[in-house]
Amino acid sequence: MRAKWTDLAMEARGSVPVSDVRLKSGIERTVVRIEDEQTARELGRPQGTYVTLSCPQTMTIELSMREALSRELAQAIRQMLPEHARTVLVTGLGNRSVTPDALGPRTVERVLVTRHMDGCLPDDVSARMASVCAAAPGVLGVTGLETAEVLRGMAEHVQPDAVIAVDALAARSSARICSTIQIADTGISPGSGVGNHQKALTRETLGAPVIAVGVPMVVYASTIASDAMSDMIREDGGTEADEEKVAACVERVVSERLGDLIVTPREVDALVERMAGILAEGINLALHPGLSREEIEQLMAT
Amino acid sequence: MRAKWTDLAMEARGSVPVSDVRLKSGIERTVVRIEDEQTARELGRPQGTYVTLSCPQTMTIELSMREALSRELAQAIRQMLPEHARTVLVTGLGNRSVTPDALGPRTVERVLVTRHMDGCLPDDVSARMASVCAAAPGVLGVTGLETAEVLRGMAEHVQPDAVIAVDALAARSSARICSTIQIADTGISPGSGVGNHQKALTRETLGAPVIAVGVPMVVYASTIASDAMSDMIREDGGTEADEEKVAACVERVVSERLGDLIVTPREVDALVERMAGILAEGINLALHPGLSREEIEQLMAT
Amino acid sequence: MRAKWTDLAMEARGSVPVSDVRLKSGIERTVVRIEDEQTARELGRPQGTYVTLSCPQTMTIELSMREALSRELAQAIRQMLPEHARTVLVTGLGNRSVTPDALGPRTVERVLVTRHMDGCLPDDVSARMASVCAAAPGVLGVTGLETAEVLRGMAEHVQPDAVIAVDALAARSSARICSTIQIADTGISPGSGVGNHQKALTRETLGAPVIAVGVPMVVYASTIASDAMSDMIREDGGTEADEEKVAACVERVVSERLGDLIVTPREVDALVERMAGILAEGINLALHPGLSREEIEQLMAT
Amino acid sequence: MRAKWTDLAMEARGSVPVSDVRLKSGIERTVVRIEDEQTARELGRPQGTYVTLSCPQTMTIELSMREALSRELAQAIRQMLPEHARTVLVTGLGNRSVTPDALGPRTVERVLVTRHMDGCLPDDVSARMASVCAAAPGVLGVTGLETAEVLRGMAEHVQPDAVIAVDALAARSSARICSTIQIADTGISPGSGVGNHQKALTRETLGAPVIAVGVPMVVYASTIASDAMSDMIREDGGTEADEEKVAACVERVVSERLGDLIVTPREVDALVERMAGILAEGINLALHPGLSREEIEQLMAT
């Protein structure tokens, strides 16, 4: 039962102070810093900086908001990248065949890959571009391989200056779905939300700093159900939900015999494409600061 | 707000008596008959016979259960087909690009289509086969065409003896997802669960009896949340949920700014394939009673 | 054996005079007019006007060329549309599951569909937009339904002022693949290149003028082989290829036991996406002359 | 220009003697052994054993032929596997987004993966199963990573007893497409047919024997054209084709400005599925000799 799970630090932050800025574009940028081990243990996530970009949750996204999101994402990534990072491995976690989970693989398909052109480009072009490689290693249940095993092997050969890992997240609140991007300098534990305890992707395991980029695509059904009940109890003047009673009710309405029950927008296929496009644009702008949006678009054209 | 909606007659049946049989295969067959107009109005669905096949909800389906389901489905369809039906139009409703909604289109892809071979096959083969055509007309929001408009045009040219319409359903209970097949001789209203009031597909609109075949792939998130609350109220000895209060709580946890929020198993892509395979097998067996399972498989081979 | 087949009037034109203009954008516009019945019979295609837009054949298309192509396509379509056409049915012919054949279905997915919003939009917006519906009816071998049967049914209900039919073509020369767009006011015979003699889509069958838009995606392997041989014979000073001898050689190297052997670029999947994008942009600009490219992009956004 | 290229040793074998057996099932098994370095140089491929299974080239495959092919493939693989091989890495080479090239990735999707269940299964089951992991590493142009780099990293962590590498091949003759399976104990050079000289996948680079399994899905258009011309010259009593003249004619009819022009059956999408199914069945039977076809099917069920 995954009641009340969230992958967003800003939802889990408890009493940790945050800095919160509303930008001109209408995006809100929130920064949570987990700075000591005790806080990390309390919040169940590693020490580091978690930046969240939030925008209004809308059926159709304005093209200007789309551009603002990718620009802010690029800036957040650049602040976490080591100076003079030249070789970067971008990896899309998750299962390509599970729609909301496909965000990572769908993003890396749109990342501008350049490492195979090292040495083939004119110097003036190549000076403005990073050396980028990209891979979606698939998930343990499909490949029989732990994500960290696969990526460690790649990292040993590529020796990247940084790794960017893109993953779909689970939020606590359905208002966060597709309206929030989290960028963290902490690395990432693949499948952590799914309860598969795999090796984390961190500087320790991959030999380079790991920047995690994620977007909530789902809320667990058990979270929705138990939050509705807690809300009602508060409404009735109750102070504290009876955890056990809530859990028993959740179990009756949430059948998990087919695995996790998740809550998504019906249009999640189209929303995955939207968000994959925005993430890839942001990553491309971050990694190739010498290229304009138009130059990147032309290089991606077929 | 789609709280408490169900496309399953057996969940909505109120006090209508049902016949209920557990078959040797472990499948439960339930028959709900709505026989007068008042009951129809009370239950919000047309008069007719609704057969439901239920099996255990399991991560991996036993091949023997799969065969039993398609065999029982074939029998239920055959009992609703007009005698000597020779020409049948099978149609898959729903949006191919929305995963749980793709059940209909994915099913028709696996239906054995034979109408274009009329007159080309040896007599002894053709005597054992129906003349079947199949189409997935898409949804109004994508094509700008009402499903009934498209199908009426087809039916006028094809003059089928019967229409079989396959659609993904919404259930009230998550325990019904992918464990239930409903077969009804009542026709179907495309998008009725989605609140788009389009013309129904019935004998009146299509000129031939319409057999509806559906499988619940989703529960509305608002249903899960409100059912959890009602359950809790009953648990607390409450008799009746305060509808308005429940609705207000649901609205706070169910953000519908991205359209309907639905609850599905995370593995819904694979489950759609599972169920599309079972439905197509059942339809193929029903329409070509002169062919064995193996002959159909060979005719479908590429 | 489909040696020497072409769907392009400009390749088949024989001695028909053409008008040929090179535009500033680098696009060449050629117009072939078949104006009497005898010429139509000689060329094996109906009377009417065939406009061809040609651009350089390149691995990566310049974004400026892409825009020029869609702009010229829009203009060519507008010249063939009846004045004051308000309701238009756009249809994508061909088989979605056969990569080069999927051009039509992939194009209609990107057409801005508006008919279902008739009456829902503010007057000032709706005055600038046509009422567009779009459908990909599939192919006879998959649906058991003739394309003309399906479209006639739709046209009877929609009563369009014009039909635009998009299809993948076969060229005579591999240099034409993805570098040529043909627009004709003659209607189209689905599967004509494939040798399935189905009813044509014309003003007679659909009750509205039919504008055919196509792009060569393949050359038949038998064409490539026999053209190579004819070329060699000419090179050797031979005047006329011995048709029978050539056909016998072709048969030895072109195995048609798996159906038509076709010649395509290896990257045909990506090229189908490129061309579907260009065609849809051109169609959208033609049908909604009151909207800018940016407004259309925003209306298509998800 | 890739005229006359073939990935099949039996087409390139020159004067190397072969053993050739027609099996009861109608399959022909041919074995080519390249046993010394000079022959290897002459044929442009490494020393080792190349087994070819050939069956009739048919639009629809008989289910009995399908089973015979997978059974023979399983046997050929088993004869090349090291005794007591327990851990096997299956890898699908090629680009998932290029239809004929997707054979490898589509095959590994259907391989029964078991490594992640090591230690979780009852002893009696696990004794009958190998420990299998599977991955499709993508291609250099998409990932920026050499296939050998990625696989070497995986192999270092997994330490497999053998690697099975599945790839789509180019044949010399169109009669070989989808009617031939080649199994070789020599390893494989990814993209060798494509002219990208990447590191080979061999015992030396991966630390375990590499069994290559491939099926011809294409012939190069330049091969078809030049073979037609050579055939005609022979027909005319010519002894030797004038290489240069042939190449010039090929260049005129084969436009390579969009990359390689390839010859495939129009139905190649469906044929890739057919062959991926047969290869995966053969690999599954080879790796889990303790399991029946039915047990494997049940373990793959969803």
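Here the chain labels run A, B, C and D in written order, and each chain numbers its own residues starting at 1.
Keep this in mind: a contact is a pair of C-beta atoms (placed from the backbone, for glycine too) under 8 Å apart; a residue touches a chain by one contact, two chains touch by 3 or more.
Source: prediction; values computed, not measured.
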item	value
Identity of the chain that, by mean CA position, is farthest from subunit C	A
A-D against B-D, pair bridged by the larger set of C-beta contacts	A-D
Between subunit D and subunit A, distance of the C-alpha-averaged centres to the nearest whole Å	37
Inter-centroid spacing, subunit D versus subunit B (mean Cα positions, whole Å)	42
Per-residue multi-chain contacts in subunit A, two or more chains	267, 270-271
Residues of subunit B defined as touching subunit A within the complex	57-59, 97-101, 173-175, 177-178, 218, 221, 224-229, 231-232, 235, 245-246, 248-250, 252-255, 257-271
For the subunit B and subunit C complex, residues of the former touching the latter	109, 113-116, 131-138, 140-145, 149-150, 152-158
Contacting residues of subunit C [partner subunit A, same complex]	60-63, 66, 267, 270-271, 273-274, 294, 297-298, 301-302
